[in-house]
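Below you'll find the structure I mean.
Every chain is named by a letter (A, B, C and D) in the order it is written, and numbering of its residues begins at 1.
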Amino acid sequence: MTERPGNWGKWGDDDQRGTLNYITPEVTAAAARLARTGRVYPLSIPLRAEAPIWPGRHKNWHVATHRNVQGPGPGGAEDILMIHTHGTTHMDALCHVFRDGQLYNGWPAAEHVTSRGATRNAIHNVGAIVTRGVLLDVAGHRGVEHLPAGEVIAPAELGAVAAAEGVEIRSGDAVLIRTGWLKIWERDADAFNRSQPGPSLEAARWAGRKEIAVLAADNSAVEAFPVADGLPVHQEFLRDQGGYLMELLDLDAIAADRVWEFLFVVAPLRLWNGLGSPITPLAIC
Amino acid sequence: MTERPGNWGKWGDDDQRGTLNYITPEVTAAAARLARTGRVYPLSIPLRAEAPIWPGRHKNWHVATHRNVQGPGPGGAEDILMIHTHGTTHMDALCHVFRDGQLYNGWPAAEHVTSRGATRNAIHNVGAIVTRGVLLDVAGHRGVEHLPAGEVIAPAELGAVAAAEGVEIRSGDAVLIRTGWLKIWERDADAFNRSQPGPSLEAARWAGRKEIAVLAADNSAVEAFPVADGLPVHQEFLRDQGGYLMELLDLDAIAADRVWEFLFVVAPLRLWNGLGSPITPLAIC
Amino acid sequence: MTERPGNWGKWGDDDQRGTLNYITPEVTAAAARLARTGRVYPLSIPLRAEAPIWPGRHKNWHVATHRNVQGPGPGGAEDILMIHTHGTTHMDALCHVFRDGQLYNGWPAAEHVTSRGATRNAIHNVGAIVTRGVLLDVAGHRGVEHLPAGEVIAPAELGAVAAAEGVEIRSGDAVLIRTGWLKIWERDADAFNRSQPGPSLEAARWAGRKEIAVLAADNSAVEAFPVADGLPVHQEFLRDQGGYLMELLDLDAIAADRVWEFLFVVAPLRLWNGLGSPITPLAIC
Amino acid sequence: MTERPGNWGKWGDDDQRGTLNYITPEVTAAAARLARTGRVYPLSIPLRAEAPIWPGRHKNWHVATHRNVQGPGPGGAEDILMIHTHGTTHMDALCHVFRDGQLYNGWPAAEHVTSRGATRNAIHNVGAIVTRGVLLDVAGHRGVEHLPAGEVIAPAELGAVAAAEGVEIRSGDAVLIRTGWLKIWERDADAFNRSQPGPSLEAARWAGRKEIAVLAADNSAVEAFPVADGLPVHQEFLRDQGGYLMELLDLDAIAADRVWEFLFVVAPLRLWNGLGSPITPLAIC
């Protein structure tokens, strides 16, 4: 009999939530106590047509309809929005990637993933994520503006950054990795997309051992790329560990203020059978 | 010289944030201390095609694209989403309604509201809302499943509900009014849309005097309707006071658990020049 | 060895155009000679949100953006359109339906049909259809406003209608069947969708023997329904014969004018890898 | 009293169809007699994401949904399409541009053009255009692959091309101007968009005097640009003369075959209150 990958079965054969199981009410309550000063940092990139979006996806459409802007009397305006849920700042549901026809926890993709979405591991199972957030500012730790294109970050470095910041990774944490790469986007969108720094496959395994619930970064896919074999961090962390990936976060403001740990809140759209969601993650300290 | 309406000018002639000015870091930090047990309630209705949406708007489109669900090897899936930002659970930006050609704080609508959105008072100015939430369970206080169609709630009753719950409304609060009307939607969508209970114009004025930052409800537009003159709560609270309206919240779970006050977190999409945003408001206690 | 269905292989193993092969330049030139008086009838239903669309599909979205409607100086306006290609008046590409994993002419669906469209038998192979059109006004021939819900039309009746009209069906013809059912839509959209009259499976086989290129009707799917087994006319005519189906045509005006034969022109959008297209079919006489 | 521009009032104060009034049934019937050989040329560019589209508009979205591609039993697939109607090959409705707050024939834009489209001069009034088409192959006449960027074509040259081709422009004609510029798009999309050759304002006036119904070209906006003042051909031909503009046609095949006159058929989508439509124009000879 073959061994089951990662966390499959760890929370029952019916589990669809993966590492969110680490975030108990106690973890949430402890995280809330980090919100001491009441400062709130939105960590998303503005949602507009010209935003960093994975090549091949379409840019965001936003159209406004309006009536009676001249007056007299009442008038109003509203938006229509067409987006990839995985465009700009977003999180992946546990059904976003799969391998050998199986989703996290062994659900068969051919049965559960259709043009109408996913009937297992979908974003609507998330509810909300309220836990401790830890910023690992790798670029800051190295003293560089950004890591080099294609640079692969090993777990040892992540541990060293945490130690330097005086934080200890705990079960249920959201770990936000700052590579500095987002700055490239404003200068040269093509260069931004061509190659990116990010954590290694080993780092994803380390995240699993540390019982990290969320892995986020200021790049397009958390991953370094180009990479040799598909999306190794996605397959390891999301599909095998049942972990949550968040991408295209803007971590510059919390890095500048040296906010290393904080209350981290993410409330994805409750998109039924959805594969992901645009998000505005919050750091509250 | 004519008097300026409501809060116009109160936070400067350039202000675009209105009642968010009440939510100081101290208000936020105090609210965070309400998150004692670590329970988290998402207050949104699932985002799907068949959801309560104001008549005349289109239902939500959600399409998934996918590859290699059969395996072997890696596969993936992702969403495309087309929505009215004011469909299902959402918040209004301060540019959503106007009167006599003027937005909140006097900005001219003809100049600032176009097919591309609003260049003043737009949703991207919000950032995030992290404050104390107070549930006013009017239906529960009356001991009814839901208020009658078209019922108008006076400020005196809101005060009586708060008193019975033992909470005092404070500056910067988010006040969530539960009418019970959402239950009608599942039974009869047409009846749900035809007429709804909600707070009166006087209640909106009361909210202004109480320095409430957010007014939310479990109906389509906060307002009672049909009403005699346009959307009086919108014009008074949003356009004149600079207050934030949130609509189509599901308040049944917090009412059932009698969670009267809580940490309230809303992180709208940072839609550039947007008139509103779909949201998943959170009550954390 | 199993026999290949219908017209598979008839025009070569690589054929992707099916019955369009019947429409030779001679057929087109002969059809053009029917345009004697210069009268032109558009046969489509207006494309608007409230239009007959197969239940489960979304209604058409149409939004206009505009600038400077007040002047002075130049202004402009333009449309954004979001539609199912198979909503309202439309035609099916030969990749629209399949059975046992095979498209018309044996192409494997699993290989050629993805979230990006179809790489065989797609609408972009059509180009245009310019041939003789024949109206078979079954409702008119029976002397009724419309056929009953669910009524199945046998080939014998189609032959009788043609004879009464004095037209002979020829290779390459577009045959337009008028059931009168479209009138129901305006009165009661639910009744319109619940059950519809249409040609039988035998009629689709008759169309194959007659070498009809196009089968069109004033109902939702050409087919009668509810039907016992899937969409038999689609499987027989489209998938097995390589024939083109056009749906939700408005045939009332040509019926009222007793235009039995005419130059028939359809120019679908050249949607690359598309499964169908909205159309405005023309009858010119 | 000020003189009314161009053709305003020529077909009555209520007219919304402009130069289509030139296309009488006699004109249509005469045009149909040009379809002698039965050859059909679709003149549109394939509708796909990567297609020539005016900068600032979004590329076409096309998504396919599908079920049961593996079998056994029936399966199906269909498209969802999101487009600017003025993207890729399209025609403008008479409400597309305006000046000093007035549409063709004096309709006030502020009253008739809203987020829901136009209630005067909209595309749904067109029905279909079936008339004589004339190709004026300016590039071919000059013996060049394409005209230079920004080149402005004077009416004298259009007359000279027609004379060289042996065709005489007549009332109700659709005149298709070939600049060769479309070839640039495949080589360098930025260069294609930066500057284009096209007819002069004087050429638009000439088209008015010749009672031309349709002016089309193989560039983005018929117009040469950059131009000094707005879109002079649009204002003159569309807004003042009530004429129809068609853009981004592929005229290479008819030019290669030296098809100078032909039956020209355009059947726009009957988009209610629409400002334009994607089209597949046909040349039949």
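The criterion applied here is as follows: contacts are C-beta pairs under 8 Å (C-beta built on N, C-alpha and C of every residue); 3 or more make two chains touch, one makes a residue touch a chain.
None of the values given here were measured: they were computed from a predicted structure.
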Given over half shared residue numbers means same and under half means different, the chain B/chain C interface is same
Contact-richer chain pair [C-D vs A-D] = C-D
Quick one: which of C-D, A-C or B-D reuses the A-B interface, over half of the residue-numbered contact pairs in common?
-> C-D
Rounded to the nearest Å, the gap separating the Cα centres of chain B and chain D is 46
Chain centre separation in whole Å, for chain D relative to chain A (CA means) = 46
Give, as an integer number of Å, the spacing between the C-alpha centres of chain D and chain C.
-> 26
Name the residues of chain B that each touch 2 or more other chains.
-> 61, 63-66, 70, 80, 82, 110, 114-116
Of chain A, residues touching chain D in the complex | 49, 58-59, 61, 64-67, 70, 82, 110, 114-116
In their shared complex, at which residues does chain A touch chain C?
-> 61, 63, 65, 70, 80, 82, 115
Along chain D, where are the residues that touch chain C in the complex?
-> 24-30, 32-33, 35-40, 42, 44-48, 57, 62-66, 69-86, 95-102, 109-110, 113-118, 124, 127-128, 130, 230-231, 235, 263, 265-276, 278-282, 284
